[in-house]
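The two complexes that follow have chain A in common; it is paired with chain B in the first and with chain C in the second.
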Partner chain A sequence: MIRLEPRPPASVSRMLAVSLAAGAAALVLAAIPMSFAGLSVFEAYGLIVKGAFGSVFAFTEMLTRATPLILTGLAAAVAFRAKLWNIGAEGQLYAGALAAVAVGTGAVSGPGYILIPAVALAGALAGGLVMLGPTLLKSKLGVDEVVTTLLLNFIILLFVQMMLEGPMQDPMGMGWPQSEPILDEAALPKLLERTRIHWGLIVALAASLGVYFLLKRTVWGFEIRAVGENAAAARHAGIPVTATFIRVGLLSGALAGLAGVGEVAGLKGYLTADLSPGFGYSGIVVAMLAGLSPIGVVFAALFIASIFVGADSMSRATGVSNYLADLIVAMALLCVLVSGLFLRFKVRFISAPAAKGSAG
Partner chain B sequence: MTGPTNEAETVLRLDGITKRFGALTANGEVSLDLKRGEILALLGENGAGKTTLMNILFGHYVADEGQVLVGTGRTGLHELEPGSPHAALEAGIGMVHQHFTLAENLSALDNIVLGTEKLSSLTSAHAAARKKLKDLIERSGLNVPLDARISQLSVGEKQRVEILKALYRDARVLVLDEPTAVLTPQESDTLFGTLNKLAKDGLGIIFISHKLAEVMASSHRVAVLRAGRKVADLPTAECDLRKLAELMVGHEIVETVRDAGSPGAPLYVLDKVSAGHGRDALHEIDLTLRAGEILGIAGVSGNGQTMLARVISGLVTPVSGSISLAGQNETHANARKMIESGLARIPEDRHRDGIVGAMSVSENLAIETIRHPENQRFGLLRFRAMLEKARQLIEAYDIRCQGEDSQARLLSGGNIQKIVLARTLEPEPTVVLAAQPSRGLDVGATSDVHKRLLAARERGAGVILISEDLDELMRLSDRIAVIHRGHLSEAEETETLDRGTLGLRMAGHGGEEAA
Partner chain C sequence: MIEILEILISPNFWAAALRIATPLIFGVIGALICERAGVLNLGIEGIFTAGAMAGWMAVWLGAGLWGGVLVAAFAGAVFGLIHAILTVPLGLSQHVSGIGVTLFATSLSYFIYRTALPDVSSPPRIEAFQPLDIPVLSDLPFLGPALFQQTSLTFLALLLVVATGYLLYRTPLGLAIQAVGDNPSAVESQGLSVYAIRIGAVVAGSSIMALGGAFLTMSAFDAFFFGMVNGRGWICIALTVFASWRPGKALLGALLFGAFDAFQVRLQTEVGSFIPGQIFLMMPYILSIAALIVVARRADYPRALLVPYFRGQR
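Now for the complex of A and B:
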């Protein structure tokens, strides 16, 4: 028989140990289907590591992949801290990308130091506004934001497709559903020659520090934490709960919108309906792996990006599907969620009641 | 009161029970015997380990050391399987929790029978059950409308359903956790009458309490727990109130007393305030609080106290009527506005509304004034000032914690209440709303709360004290009004009232019948 007993809050070192153990457990669990697929487990993991860290190019590819994940991870983390369950980062990312394209393909012209901020601002604003609706519905009418944000993802994606096959289609695109390219002046500069890594990474890192500072050192952050930890007490203490939700919603949506801006203006150069391979949803995983810590989000995003990039490379080398990456990420999330149990409870194994006394 | 009959037979024995939670020893080598037909009072302050002990008995917890033995008639005592509520039920132990465990949308009969029928049987044996229950009701006097839904029953009736539930399962031992916490004085008397009758029929009864008067009046034997250890176990006849109180607290007790006050001008007025709907609604409440007085509001739990406190706190806007504070109209003021107007609010559920458990002591001390310039500048928190202030308040209000950075949830109930007191009373408010301020606190913490409220009154503040504890109300209040089904009676001078009158009004009877 297993018995769970509550334990006092875990120390930081214990939390780290449990997180690392969860990561290791995920790798062990993922090894089972790998060996079924006929792979040598160590060789496969070796290829994954090599694919993510094996060369400067591999490493920059991994960082490029991590960039949007940091931003969507922050979007989820800051919202979840207030117990605002924003599952719609994917849609907000596309809204941000769409706004970036709308502004950055010629609607405004000027030098880079005007265009780049304008594009970023437009994207952030679009993402934030998309999140405003569900936030207001939640705080005014009690509509479940999990449902509204999730469903908005599909609405926005369909809207993007409609725009790309209609008004915003590139006339020079030979009928492909894609937007006009972003002006060179509006594109985010590359960080390194001959790689794809761009300034979005710096923005993402700065955002992570900014969110950390916001939560830790500001009145708004104080109010976000209070509302998230105990909304009833926050309301009783005179904290404006609705206004706090709106601020968090706008910020969360804006961060996801920025992820879209980075993908369009930093990486692809134009918008297509397959811009994001689920960065919005992976952002939720990133945030959960990070324990909703804004600094932790950076490391969780790097972990997930290396799995994705590494698995792609492994897949090319062995012919095994890169879905394995999704599998490892899913295992990691499950392991982290289960590990939460070990942080909150002491697990005791109790032998059959006949053998009494051994329980203590 | 006479003890059990001389063919006294032990039905339950706790033998050296020890239970630790981390560094805390909740129970240390507690041993206890219960005889057939005996009423044992388990007396102790909050946190003394009473409930833990009973949870071990009932299998919710497993003891680290020691064992529970039950006697089943002829075979003598045998050990109860630890950690199994099922085994406890099988062995004839019935438990009535402080918070009832009834399904609100089922009938009383369904609730009682629930869990006793085999899943495999297709027919429901309600007819037989009804017959058995009719018989039980007749014998015990536990009158309950069997077919009424639980949600329609009063608190006293729900408690009777819980007791019947235990008796229906042929309980030989009945444990009641703070059974009078939710009852009027009259209902409590009825309950103890019933328990006495059941004991005469051979039931062994343990009731947990921290109220000395009822322990003296209604038990055969008293076991006193203090800090997890049994410090006394003696026949009630050999005790007196003072001795029990000292055993319970461990030192002599000084009671807070209120000197004659000198109330000033009206300070805070509710004029025909209605709010909410359904069971918790308020109907045209009139209330006038004067400076320098404590106005007590008595009532049985669930008669609109919660809504009244929420309206006064600025959490609910009245549907009609008006509220004024020091001449200013505050009818539509929200919580923050109320705080800024000088109204301190001590919430009845301090864990839910009073603190944010995951935040630190200093953050909880600052939460109501977080936008005040002393706590922030340009939207940035002034950590050093907050910590400095927290250190002062921790000192002044004797908040026992690991430091101003420790999580508020780790504090005991009494210290959590001190956080609330410190942050609400420190700015010297003109009006104080104290909702159930001593609920669940031990004697020391309670007397601290009382002293703070009296000090506020001394200073010239008006205090509204909502409480279900008549002793507390009569000791502290200058005037007392009674709330019943959302109607508030006119407040009367405490000296003109007695417990009987108040009890009747709390049950909804007018003043005349009280005589």
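Now for the complex of A and C:
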């Protein structure tokens, strides 16, 4: 028999060990689908590592991919801290991107130091507002936010397609469903010449420090953690639970919206309906791998980004489907969930009669 | 006005409504069995995908249509078992585990499909289920075309509604399932295993969900496409709340949903040129959110839903 005994709150080093173990377990498990696809496992991992770290360009590509993942990871982490289950980062990302394009393609003009903040603000606001609906429905009517945020992902993506085929379509785009290019002044500058890495990464890192500071050092952060621990007790203690949910919802949506801003204003330059290969959903994995720690999110995002970029490159070299990356990421989520048990409980192997315990 | 009436009295319209409703019936019945036992199964979207892919691939490899149905159900059961182990004895977050199972089942299905068929340009087709032609019944005016020209899987879905209703309300097992979702410690004190009942319910519910996916590739279409489930699983989770966790209401909810969807498709052909197509495509998702809002105040969730149970601990 196995018995689980509660443990006192975990230390940082143990949380780190758990995350590393989960990542490692996912990589080991990935050997099964790899051999199923006829790959030599060591060779495949060699190609993945080379694809993500093998050259300066590969490394910058990995950082470029990590940028939106840090932001969607933070969006999930801050929401999950309050047990607000925002699974809608994908939609909020698109809302942010749409707002960025609406503002950044000529609606407002001016120098970069005005235009870039305006675009970022519009994107953050759009993402936050999208999350406001499910948050209000949860706190006022008790409608489950998981389902509403998930369904909103589909609604927003269709809305984006509608805008890209309609009022926001680029007249010079040969009929492709894409927006006009963002103005040069509104684009986030590149960090390095001849790479795709852009200032969004700095924004993402700053956001991670900001969220860390918010959660650790401010009253709002304390309230967020208290509501997450036990909403009923927090309410009893006089913490404004509804207001806290609304703040968390707005912040979480805004972070996801910023991820969309970075992708259009820093990377692509215009909006298409295939802007995100599931950054919103991968953000959930990032947040869980990070143990919901805002600093940990950065490292988890780098890990997930290297799998995606490395597997893309491995896929080009071997012809094996890069759905392998999604598979590894999904397994990492399940592994981190299980290994989290070792944080909360001591696992004891004991003989059957002793396991009965005292019921009632 | 006249056009709307004409749509509503056409047997083809109701046949389409039932066809659209069929995967949702499987999904809602599956979700309802899990949730009645106290376990929210957000793996549903991925389980739909796995059922669609596994069922299709089994038929494509020569297992026959009913062989495909069995394989789909088995695939659903496997993913259900993963979710059940994580959430029942281990008591992990049902939300996160469900999302994890969805990501896992979806990416595994896509990966297997791509690996088995690396360079197909158009998805290969199978000989799908054909509408049954039941003597006498199929020739009835109105009812014949609307009800009795469906494929066997639609009848299986209707049968499952009746069977689930009977199981939940008329058998000791059904009462036990309801009890573990409401008051698990009372069940344990009766000498029954909460773990076994919950795990069994999640596995059974998940295999029924997978049939909803199988219907897509083996009856509604005859091939597997990426992204073909397209949120149907999430819609089922919303419809389950709308149906107050009752099989009869689940059927009604799915049919209403199917009717609305069939109606808007027909409306689209009438007014399509004035309104962008995406507005119509959004309707199922908007309608699902609306359904949740309508019942929000009086939704009577199973009391132990989302609450893990640890043996010998209060």
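By our rule, the second predicted complex is superposed on the first by the 336 of 360 C-alpha atoms of A that agree within 3 Å, B and C clash if a C-alpha of one lies under 4 Å from a C-alpha of the other, contacts with A are read in each partner's own complex, and residues count from 1 in each chain.
Assume a contact is a pair of C-beta atoms (placed from the backbone, for glycine too) under 8 Å apart; a residue touches a chain by one contact, two chains touch by 3 or more.
Keep in mind the model is a prediction, meaning the values are calculated, not measured.
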Which superposed partner A:I239 touches (first chain B, second chain C, both, neither): first
Chain B versus chain C as contact partner of A:F36, first or second or both or neither: second
Partner chain(s) touched by A:V12 [first = chain B, second = chain C, both, neither]: neither
Touching partner for A:F222 - first (chain B), second (chain C), both, neither: first
Chain B versus chain C as contact partner of A:M172, first or second or both or neither: neither
Greater residue coverage of chain A in the superposed arrangement, chain B or chain C: C
Which superposed partner A:I155 touches (first chain B, second chain C, both, neither): second
Which of chain B and chain C A:L334 touches, first, second, both or neither: second
Partner chain(s) touched by A:N230 [first = chain B, second = chain C, both, neither]: first
Footprint overlap on chain A, where chain B in one structure and chain C in the other make contact: 356, 359-360
Chain C - residues contacting chain A, complex: 42, 82, 86, 90-93, 95-97, 99-101, 103-104, 106-108, 110-112, 114-115, 118, 185, 188-189, 230-231, 234-235, 237-238, 241, 276, 278-279, 281-282, 285-286, 288-289, 292-293, 296-297, 299, 310-314
Interfacial residue positions of chain A with respect to chain C in the complex: 4, 33, 36-37, 85, 87, 137, 141-144, 146-148, 150-155, 158-159, 161-162, 165-166, 281, 284-285, 288, 319-321, 323-324, 326-327, 329-331, 333-334, 337-338, 340-341, 355-360
Complex contact set, residues of chain A against chain B: 1, 3, 5, 7-9, 217-223, 225-226, 229-230, 232-240, 350, 353, 356, 359-360
Chain A contact footprint on chain B (complex, rising order): 21-22, 62-65, 67, 79, 81-84, 313-315, 334-339, 345, 347, 352-359, 363, 367-368, 370-371, 375-376, 379-381, 383, 407, 410
